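Next up is a structure, given as structure tokens.
As written, the chains take the letters A, B and C, and residue 1 is the first residue of each chain.
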Amino acid sequence: MVLHTVNKSPFSHCLLEQCLQVIGDKHALLLLEDGVYAALTSSPAAARLLQCHSERALAVYALAPDLRARGLLERGLLACVEAVSYADFVRLAGEYDSVQSWF
Amino acid sequence: MYIRLNQRRIAVDRDGYLKNLDDWDRDVAAGLAQRENLSLSAEHWEIIELLRDFYRQFEISPAMRVLVKQVGIKLGAEKGRSIYLMKLFPPSPARIASKIAGLPRPANCL
Amino acid sequence: MSAKAKKILVVSSHAPYGKSTARESLDAVLAASAYEQDLQLLFVGDGVFQLLKQQDTSATGAKNLAATLPVLPLYDINDIYVHQQSLDQRQLTAADLVLEVKCLDSRQVAALMDRQEIILSF
């Protein structure tokens, strides 16, 4: 089981797309830094994320401090995204066997 | 910093490796060897040539384990042993021989 | 290989010269090889460009990564993987690469990651 992190905006990078290409069943995704823009309903990755979530039960997390810093916390975020704290991030990193960072 | 070898001023790094690989020739090698208290024999030279060939091909200096293996392949099993290289280039053959060969320090040499 | 050798995957996903990331992944692999771990290397995304033949950095001053990558088998690193779809997207084939690699589809990449104790992302 692998936790993938993505830290670039899907509006200008295809990193998230790359990650979703290879992400496996029971893997999870955590968006951080500019990666959290993928959590917007307007994100180019929105449909893909919703699909992975509903069809493959992909867990999608976004780091709340990064959402808040960018003024996204009160915006329309994808229903499949769960905002998490730094402490949650640390806990998640421990729960998965390894972490692959896409940056 | 610079060292003086045969009336030439040659740039080296803190550990005595040449900064410009083009500065190397056989006289410079002999001078660098002298700084390690070595005088170069035919046995030294074949290792130096092997290292330079390796660098020309891969653009890195080999780690000790890889050097030993390469010497074994190219110069025979008799010479492809740590102890043989240790006697030629004490106390750390991969580092010392690379230095005399005018090459960078072996990356990741432990 | 000792019984406690760790399974480590180095994932290299950046093109060779824009940043030092690609070089660092190679250095990490060469360094880790000294510790006799179970070391595997995966090129994905723009990382596959590191393997492209006919790189010539003489005019840029950068160290030629494609010259050094073929040293990996001499360091006993033979498990070298490339993400097939990343090659396809860039219209490359295994014949365009400086090293003999094993091509994996996306599913196999996920499985490869699942087998690791440690993933080092570059």
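Going forward, contacts are C-beta pairs under 8 Å (C-beta built on N, C-alpha and C of every residue); 3 or more make two chains touch, one makes a residue touch a chain.
Everything numeric here is computed off the predicted structure, so don't read it as measured data.
Chain centres here are C-alpha means, and the one lying farthest from chain A is B. Measuring from the average of all protein CA coordinates, the nearest chain centre is that of C.
For this pair, chain A with chain B, the centres built from the Cα atoms lie 50 Å apart. For this pair, chain A with chain C, the centres built from the Cα atoms lie 25 Å apart.
Centre-to-centre separation of chain B and chain C, using mean CA positions: 28 Å.
Residues of chain C found to touch two or more other chains are absent. If you check the complex, the residues on chain B that touch chain C are 57-60, 62-63, 65-66, 69-70, 107-108, 110.
Chain C makes touch with chain B in their complex at residues 27, 30-31, 33-34, 63-64, 67-68, 70-71, 74-75.
By the touch criterion given at the top, residues 1-2, 15, 18, 21-25, 27, 97-103 of chain A touch chain C in their complex. Across the interface of their complex, chain A is touched by residues 9, 11, 13, 44-45, 83, 85-86, 106-107, 109-111, 113-114, 116-119, 121 of chain C.
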